[in-house]
Amino acid sequence: MTAMLEVAGVSKNFSGLRALQEVSFNVPQGEIVGLIGPNGAGKTTCFNLIAGVFRADQGQVTLGGQRIDGWRADQVCRAGIGRTFQLVKPFAGLSVLENVIVGALKAAPKVGAARDIAESVIEQLGLGAKRDDAASSLTLPERKRLEVARALATQPRILLLDEVMAGLRPTEMDQMVKLFRELNAKTGLTILLIEHVMRAVMALSNRIVVLHHGQVISAGTPAQVTQDPAVLECYLGEEGV
Amino acid sequence: MMARLLADVPARALVMLGVFFAALCVIPLFANDYFITVLILILYFAFVGQAWNIMTGFAGQLSLGHALYVGLGAYAAAILYVKFGISPWIGLGASIVIAAAAGAVIGFLAFRFGVGGVYFAILTIAFAECARIGFDHWRWVGAASGLFLPVANYTQNDLWNLRGSPIMFYYVVLGMTVGAFVLCHALLRSRVGYYWLAIRESPEAAQALGIDIFRYKMYAVVLSAAMTSLSGVLFAFYYNNLFPEQVFHISRSIEFILGPIIGGIGTLFGPIVGAFVLTTLGESVEEVMRALGIDIPGIKQVFYGICLLLVVMFLPDGIWPPLRKRLGLDRKPRTPGKPK
Amino acid sequence: MRPEFCWGSCVPLEVILNVAASGLLTGLVYGLMALGLSVIFGVVRVVNFAHGEMMTIAMYLAVILFSYYKLDPLLMMVPIAVVLFVFGYAIQHVLITPFINRPEHSQFILLVAIAIIMVNVLLIVFGPDAKSVQPAYAFDSFQIGTLILDATKVYAAAAAIIVAAALFGFFRFTLVGKAIRACADNYAGALVVGLDVKRLYALTFGLGAACVGAAGSMMTLLVDVTPPLGPAYTLLAFVIVITGGLGSMMGALVGGVLIGVTEALGGLLFTPSAKSMFAFGLLVLILLFRPQGIFGKRPT
């Protein structure tokens, strides 16, 4: 199975703080990979690096065989990466539909076609009833869904989800999990997700990569990773092992 | 294309717009010269306000130096006419190119080096001031003594050279304002418009959706500058004289922003509403003063300042959005739960 | 052969030094004015677009006090500063704090509106003609080596340094001063430890206005006052503060001196009326290559 996204030997320092050290992992095409680790492990830094928000000090990021490290965020998106933000950033003054149209315009430059894509994505995410409401009037779970809808509308090859489950009720979470599973099954959408909510990670991921203090300490199937002593140690502390 | 442009405009709005436009077309037949000159002033500010709105309201870059583009446009077309006898309709090509270039330079410097917000505003002021001082010392265009166009022939209307009665200028500026309005309307519904609004609301999110922020901001700046230069051409040929001290002065730049801010930044009709409200009130104040026999220079500006202050404090979105809601023309996103 | 400097025309080095020194002295007064702006922005984070207009008001006050009561502007520096302090406090408290949650450009426009009102009220009250003061020492001068310095400039500059030093001392050594610095460094933190931030903001704006008031009375010794000086000084203050570094007090003074000297030399070597162009040129360069200014900190 060819890798959609390859992260190889990536390191990033922030004024003396080593956020990432020689991080390497692959996201095979059509798979869902979970990126987990304690707070401060470097997960969002990793995302930001892949998404072009900043550059790695060392290492390479390859998308579908093409080097994308050093590219700007918008270039990375056009190459096929869609991402959500941990702290959601809706276009507050625009309606839900307009928000998603902005995303869809990357896939379809004409507003008419973009609108069609946006409408269908909105339905998929269950925001149909709110399509004309101002984004600023949405609740947090709805905003999270809007964030996902927007990213999906760009018709990405790989979707980067940054803690989308946080703050959702169990039923909402189940809906999201179901949605991603379906997208992955039907369209083969590759997904890389950062998550703290273990239930969601276990339910979704084909493989898991564990980060701790900026290093990959474990990678494998959910079953393998949850039994890995290194992982248990970093989450529970030495005494817990 | 017309059908697409009018696609989701509520019927009510179309009717009101149509009536408004028709009224504007026939007014000169009934009005006296003074009234027409006031209307010309209103439409002039509405036009520049619309152009400024593209840079500030749509793309979110506050410009306080728009007088630069007016001045460049005015001088370019005026020089071509005075020194080479070239018609303003051709001369405006030069105006557009020069103003667009100035806008591009400012935009490039600002965006490449990450100058935004208030700093950008100050940068725009700095450029306008430099132009003012520069032109003040440039002898070929008359320096501080000014540049003069041969005085207009009142009785004959020479549209090609823009020499003629106020009525002729009225229709020219009306055409310009309508054109600007239609253009902005079309832009807002296009990809460019959506991208501008996205950049304004959240540049980070916009980038994550594939928007090249630099490129789209540049579009806004260059377009805004080019459009504004056309008002400069009108200015030159209507007033027939250009003094750097007046044309490039920061007071001009501030006058331009009053209309859109009071009417509503980032809205389509805001600059027009703002221009109408402000100029009418301003002229009324002057009329009242004249009737009372009080002559206080500067009172109109104080009045404008107070209007601006009140609007910024109590109607931060401008007059138009609440008015639009009141008139039932609201097509913008609703906030459910709030009374209409 | 006396040393000369040639660019266009040739100017003797002596003249250059004299003009530069004169510019330096004037620059110190500019610096005090800009200091007020820097303090206001550094703490309250409000871009005071009415800064120059407040200075012009102070200048007119000094002129009136001199014309009617023969009171020397340097002596009147303190009362005028107090008046401006109250004025600034009121502006912050009444017009700005209630709208502190508005977007940045909204606050900016608010001050633009205030500036417009101020300038035109001054125009209405005082008319467009220039007014000036002529104290007894107006034509005195000091001689240091080959430098001949106007007494008015020397006194004004000395006063500026004293006021600036007083301000530095205030922020460094008094409790209130430290409280204000705390607000500037960490708004939420200041609230958490119980500082009355709103009052401190108003106090700060008042202090900034007081600086401007003092600078204004000094400035009347150097130039004639007309209403359009307001916007011109606002721009100058911004150029200085951006050059020196927004939020840096030392930067404001150094920037002021830099601008004062640049203007003076530019006016000498090129054309007097093109003086401000050099200030703007410097501004553009700084905005491009070192936007945090000479002493400013790069925002993280």
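To keep things simple, chains are lettered A, B and C as they appear, and every chain counts its residues starting from 1.
To be clear about the criterion, a residue touches a chain if its C-beta (ideal position, glycine included) is under 8 Å from a C-beta of that chain, and two chains touch if they have at least 3 such contacts.
Computed from a prediction, not measured in an experiment: that's the story for all the values here.
With chains reduced to the mean position of their C-alpha atoms, the one farthest from chain C is A. Closest to the middle of the protein, by Cα centroid, lies chain B.
Separating the CA-averaged centres of chain A and chain B is a span of 43 Å. If each chain is reduced to the centroid of its CA atoms, chain B and chain C end up 33 Å from each other.
Each chain gets a centre from the mean of its Cα atoms; for chain A and chain C, those two points are 51 Å apart.
Residues of chain B touching chain A in their complex: 4, 189-191, 194-195, 197-198, 201-202, 204-213, 266, 332-337. In the complex of the two chains, the chain A residues touching chain B come out as 51, 72-75, 77-78, 82-83, 85, 89-96, 98, 101-103, 105-106, 109-112, 114, 132-137, 150-151, 154. In the complex of the two chains, the chain C residues touching chain B come out as 47, 95, 98-99, 102, 104-106, 108-110, 112-117, 119-121, 123-124, 128, 231, 235, 238-239, 242, 271, 273-274, 276-277, 280-281, 283-284, 287-289, 291.
Those residues of chain B lying in contact with chain C across their complex are 62, 109, 113-115, 117-119, 121-123, 125-127, 129-130, 133-134, 136-137, 250-251, 254, 257, 261, 296-299, 301-302, 304-306, 308-309, 312-313, 316.
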